[in-house]
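One chain, subunit A, appears in both complexes that follow, with subunit B as partner in the first and subunit C in the second.
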Partner chain A sequence: MNTAQTAPYDSPSVPAPDQGLRSPRRAQAQAFVSGGLTAAIGAVGLVLGLSAIFAQPRQLVISWLLPLVGVRFEFGPLGGFFVAATGAVSIAVGIYAIGYAQREHWARFPLFILPLFVAAMLLVPAAGSVTSFLLAWELMAAASLALVLSEHHRAAVRSAGAFYAVMTQLGFAAILLALVVLSAAGGGDSFATIAAHAGGISSGTRTAVFLLTVMGFGSKAGLLPLHAWLPRAHPEAPSPVSALMSAAMVNMGIYGIIRIDLQILGPGPHWWGLTLMIFGAVSAVFGVLQASVATDLKRLLAYSTTENMGLVTLALGTASMLSSYGAPQVAAMAMTAALLLILSHASFKTLAFLAAGSVLAATGLRDLDKLGGLARRMPATTTMFGIAALGASGLPLGAGFVGEWLLLQSLIHSPHANNTLLALAMPLSVGAVALTTGLGIAAMVKAFGVGFLARPRSAAAEAAREAPASMLTGMGLAAVACTVFAVAPILVGPALKHVLTALPTVGGQAAGPALGAYLRLPGIAGSMSPGLIALSLLVAVLLVLALARWGARHRPAAVSAPVWACGADSINAKMQYTATSFAEPLQRVFDNILQPETDVEVTHFAESQYLVEKVTFRTQMADPVEQRLYTPVVRAVTTWSQWVRRAHPGSVHLYLAYGAIGLLIVLVVVR
Partner chain B sequence: MTWIGKIARVGRIVETAEAAPASTITPPTGVSGSLQLRHVDCGSCNGCELEISGAFSSVYDAERFGARVVASPRHADGLITTGVVTRNMRQPLLNTLKSVPEPRVVIAVGDCAINGGAFTSGYGVIGPVTDVIPVDVQVPGCPPTPAQIIAALRTVTGR
Partner chain C sequence: MSESSALAYLATAMQVLAVLGAAPFVVGGMRQIRARLEGRAGGGIGQPWRDLRKQLRKQQITPNGTTIVFALAPAIVAGTTLLIAAISPLIALGSPLDPTADLFGVVGLLFLGTVALTLAGLDTGTAFGGMGSSREITIAAMVEPTILLAVFALSIPGHSANLAAIVSSSADNPGRLVSPGSLLAFVALTIVVTAETGRLPVDNPSTHLELTMIHEAMVLEYTGPRLALVEWASGMRLTVLLGLIANLFLPWGIAAADPSVLGVLIGLVAIAIKVAILAGVLATVEVFLAKLRYFRIPELLAGSFLLALLAVTASYFFATP
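After this line comes the complex of A and B, so read on.
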């Protein structure tokens, strides 16, 4: 942890060191190689992942690579699912990065790390043993940290990097401890051996492993209260990296929970599911609340990640709980919802972060209060962000809709005849999901409406120009994926079925929902067809357009009139809603939770108390969890460190004395 | 059901309507009984505003004759203006008039709007509304009573 913490300060503080040394042609070639390699690795991952989903589980052991245990890979449906999702995200991001790296003048170092990061992420779900898993996990964490720090000449980036390094390493420590305990109790290093002996593991060990893994993997997935690195690291990282981290890396936390707690150790006791549900629901509601009042575009998206991972965890908890109460069919429904939510989140969050990156590259702005007017200047990027925002808001025709619909159906239709816990937990969860979706729509309307429509609020936004072709291509791929999940989830139906079969402990073998042209739910009279909804909407729009054109023949010619500006000569950008003013009612309603710091300062003229010279309004949205929970911890650690520091004042003689005393103690102990 | 009985017993408590005055102009919408107005205060002392709000109050109830005050000139068939036109309000008045779709009607309420009234020689005054924009209906008085305002509105609504 210590080395990770100091890492940002070791880096040279010269801005973009080798930027001036490379010729443009050479930089172009390097960007092309790096982005292309990332996309190629992603494509390999996608193909391998898909084949792993449909083929028989296979194992690959490379015994010479690591001493004593070797490296073990396992290609099963569950791992394959996450490998394929990560690979697909990497293809889009890799192609995007070709253009982005050139436009943003990336240094050589991040260009080198980017494909490495993708490869490490692909190795995590493919790992078949504790050692390989931990190795891949740490490789992924280190690579992502290096990428977060790629603009290390800015102080905000260094601070975010330190935060991320500490949290990811603490999470790793929890996972390390959990997996070491697990492999000791399970009598082996490979996951297959542990799974075979899982029945013999004592309940105390299981509980410890569960709690540690939920903490460790939860921090990677951005669950409350271990989410604090997300809204810091995501905005400060370069946008393709944010996309990879938010769309693919957080999924690894979910993968860990599914793999260890649901697949290997499951079915757990009732409270495991309940714990996951509570963590999920609280994260979802808190994340979306923070997203709806955020004014930084990428910070908003980062909180939206917390929200979506919360929903996924809620679905996992529901599946685990229903399965332990003997309702495998509904559990399978919740599990399908979780898998679909992971896929749709990966697609729309990739797209959203890439579009935000285009905006950032074109204007240098992340602040929604200074953006606007991009629809005219960057029409393609605006369309892309629109698709992503629709997906994130969970409305029909959006990528997230089918997953959220399934989750709600499974919560509503969970059988709770004589069970107080289920009868309480399920309706409360329905409320949490409904609140999350509603606020999510507000957040996304804000991001899209304030950020992209209306008039530019700053000179930088006015001078924006469209992103180059490679960036648009990357975004286009993600947009296609969004559309598929929104309109034709039938295409991923067979894959999900295979993954579910590999998860017998959460109702995997029961007949789950049929993802056909119609979504049919087993034993429930509910069905829905996203494709038909899209088709009918399309027909309705075309019909209205045709009718309007037909009716226009009889109308007199249109007259142009000046825009009504309440009597003023013309409207200007200052009259528009800003992100802050749009979220103000919400901020007022949730005042107790958000605890905003607002400050109104009225300056009067010296001549008269009745005339106002100027009014200053300042508002700051800090994360209350961070302030309440992290600040005291950081302060305590600092105090202890100061205290411990007295023991090493720099005197070599003293250190030699410490060594001698230590040796003496060891000799006495082992005597 | 006592409250329904009470309503039946009390009946309507508005000023009794006089016979409809003769229409002076055709309603701008071509339909009688519907007149949506946007109010513009060009520089009034607010006496006319009080009387206008009285005219639209529950006692005089101008809405039963089809006249309404609306929030935007885009929704309006005409303007109802009060006060002398001050320098600062000249352009906003012209902008507002431009924003009302044609055909439209302009009603000037109060002596100030018609001939400048008490504020004719003020330093910030351009002149009465009649000097700045064409006015169709004039309601003299300083201020005119709600009954006078309603009578003028009825010549436009035709009810």
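After this line comes the complex of A and C, so read on.
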């Protein structure tokens, strides 16, 4: 059988052509300054964020910085939590970027923007007023757009940049509208004033603000149906930038939802929670389904971000809904789950994108169908990606397990006082979370097993070499964070407790789950201990290995031998499964949702139609939501623009006529 | 959870040893039943033990190009299974490890083993390894929703997902076991366990036909001592899961959280009888079943998902506060 597969996306190529102008030493110094500055800003953010979590809330007003309103910062536990998370991600990414920027020959511009982007991201959760928030938000959006476009000489990057620019600005418009309405109704610019007057805001205004913020912040968090920028922008951006965007920037969308809809406007009516749950569940399942059939490593990770943000939103919705039904303890569990999921996602997604960046830098490949065999060539990077993949799959010993466990516990322990809505919503949510986990495992096994194990599927993968020390250090830091969330969530317990106390509307004052050596749930006989699971599993594996020594003295010396080549002379790389073939059963099972375009072409020999000369198989995975929802909108806008364009053909006479007509109309109206 | 007594530790150790020792006999017994029903003489109940002994004495052969993933996967599968055996209330309720992992944790450990073997299958870089891994992981992904929903249904009456709490709650209220929720959960879990342990109609453990095999394709490159571990682990998995199902739905005979010597012995005999009966039934039913076409399996699993969903909603609506 002769099988040819074409990748639907062009793989990244050579470094930018504008290089060679700087001396290597100068480039090295610049990379060092930029990466070091990024890490330093991140460290400051981490320290400030932690102190904000544990200290009394403080405010800082710089009135001269912005005319009329000034800039206002607020250091509270919730903002501090997101500042600290962003700071921690930035430290790892900054150190990694030192090596990455040299290896990939970054131009001066992205080196300059990288620390700026981190600073802007830190300002968003620190902002204490609507104006400052919007300013920081827009700064973050603009900086990230500039970074996405750093390899603008490639057409795919430009297209992704355009997509991202439009979607992020539409999201900004929704947020702008919502916050302006909110501050008008709340009688002030600062969040504290609005929160104090939140009780007097009419329900119509609240509903409008809720819907607009869910749309605007949801598009930043990558929730369906506004997720389409993620799988485009994340793969095309340089990997450290993808890590920052995917592990830190998307969290800002979640922060916005928590801050505006849960903290300031909460507790919302039942349907707010339900809306969030539906958005979350649909995003999680759709994201993971796309991830499980994706063949581009970074696109897979981007869809996994949609999946994880969906799970976080599902947890937020559960917390909101349970709190509105008077179950603050279980709501606090769901909220803790949301916070833990944010942290664990930040750690494993940083690590995953950084490891993918190492692979990209070493091979120039993102296409899993062409990778493979990296475990022997890049052992450290492979280990790092393995830790990240384990975290993303939500299995025990992985970073994501504790958060998902808490989410499931809060779903199954919701009070069931003959409430039909809860009785249907909770089991379906458990099903959605479980399907997400199951498919997430499949996606991560594929990414790790096909991308890193087995035999190299291309010459580039065969020639891969290990990443430099700075890149490994950055990844190492993220791996440490993953391990902490996997086996010792006790270390973040006190911080989460403080953040929860600042969220009274979702049961923050109730006794939440106790994150000790054993995770204990309030009022429920249930417990789990990730650290002890890890320890006892280690003991069990050692026991098994000892058992396998039984009979060892009868054995001949161990040898290594070629694998069975199914009767052929020797095995070659084409015989193994690729990412596409690995995911083919899933693709078939979920055919209705994924709607892949597959095309099998059989060429026969001229002599006989019974003999096959060649079989060509093509499959194209487009995002069905994107095709169904975006294509018509884009087409309508294009048609409309074409129509409007006819009005300005470039004739000055015509423009003068327009001016005259306009003036006449104005005169008529004014008179 | 109070401090467990020395006997509770002993009971847990016995659970692990019993699973280790009995797993090959369970597999051998099932093969023997199948052989007799098909009119063959069969190799006897002890044949899997003899196979293990033979394989453990063979030469260790590592396929070229494989990594530590391939070398460690059998130990991880066996290790997770042993850990599940230590956590589960098989002989006595009060396992000292019970609070470390609830049923969600146990399911997670089960999948950890599955993932280790799928990665090993991919690590060999052969067509069969990848094929088996791809099929196995697809089934695992679709099994997960059913398992977790069944866990949900089981945890409603006892208000806890910890295994000891579920089992003792149903032992105290046997009436709940015949409730619609419990029965639906039983059927759903049974289907899921057959899928997870690679039994008919999902996978045929005795086939090496390339078009149909799932689990066997994945482990095709294993030989000698590592193959012994793989086979032992798959037998242990079957034994533990059968024991778990037996005690979740027929909790009689299990020793209390603070057991006496007699209680532990009764518990051991009770679980042995229950697993033997379940294994016998499973083997007998398998004789009359044909393997499902691979792409019909999702339909079976979707059906079991529906049953589990009904189990949960039934428990919600019929719950006695």
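Here, the second predicted complex is superposed on the first by the 618 of 671 C-alpha atoms of A that agree within 3 Å, B and C clash if a C-alpha of one lies under 4 Å from a C-alpha of the other, contacts with A are read in each partner's own complex, and residues count from 1 in each chain.
One rule holds for everything that comes next: a contact is a pair of C-beta atoms (placed from the backbone, for glycine too) under 8 Å apart; a residue touches a chain by one contact, two chains touch by 3 or more.
Keep in mind that what you see is a predicted model, and the values were worked out from it rather than measured.
Asks: More residues of subunit A in touch with subunit C or with subunit B?
Replies: Greater contact footprint in residues on subunit A: C.
Asks: Answer with first, second, both or neither: which of subunit B and subunit C does A:W405 touch in the superposed model?
Replies: second
Asks: Contacts for A:V544 in the overlay, against subunit B (first) and subunit C (second): which applies, first, second, both or neither?
Replies: second
Asks: Which partner does A:V445 reach: the first (subunit B), the second (subunit C), both, or neither?
Replies: second
Asks: When the two structures are overlaid on chain A, which partner does A:R455 contact: first (subunit B), second (subunit C), both, or neither?
Replies: So A:R455 only meets subunit C here.
Asks: When the two structures are overlaid on chain A, which partner does A:W564 contact: first (subunit B), second (subunit C), both, or neither?
Replies: So A:W564 meets both subunit B and subunit C here.
Asks: Does subunit B (first) or subunit C (second) touch A:R58, or do both, or does neither?
Replies: neither
Asks: Following superposition on chain A, which residues of subunit A contact subunit B and also contact subunit C?
Replies: Residues common to the subunit A contacts of subunit C and of subunit B are 561-562, 564-565, listed in rising order.
Asks: Which of the residues in subunit B end up touching subunit A in this complex?
Replies: Touch residues, subunit B against subunit A: 40, 72-74, 91-93, 95-96, 98-99, 101.
Asks: Inside the complex, what are the residues of subunit A that reach subunit B?
Replies: Going through subunit A, the ones touching subunit B are 561-562, 564-565, 567-569.
Asks: Provide the residue numbers of subunit C that touch subunit A in the complex, in ascending order.
Replies: 1, 20, 53, 56-67, 69, 72, 74-76, 78-80, 82-83, 86, 97, 99-102, 104-105, 108-109, 111-112, 115, 118-119, 122-131, 133-135, 137-138, 140-149, 151-152, 155-156, 158-162, 165, 220-221, 224-226, 228-229, 294-295, 298, 305, 309, 312-313, 316-317, 319, 321
Asks: Which part of subunit A faces subunit C closely enough to touch in the complex?
Replies: 292, 372-373, 375-376, 393-397, 401, 405, 408-409, 411-413, 416-418, 423-424, 427-428, 430-431, 433-435, 437-439, 441-442, 445-446, 448-450, 453-455, 518, 524-529, 532-533, 536-537, 540-541, 543-545, 547-548, 550-552, 554-566, 571, 573, 575-577, 581-586, 588-589
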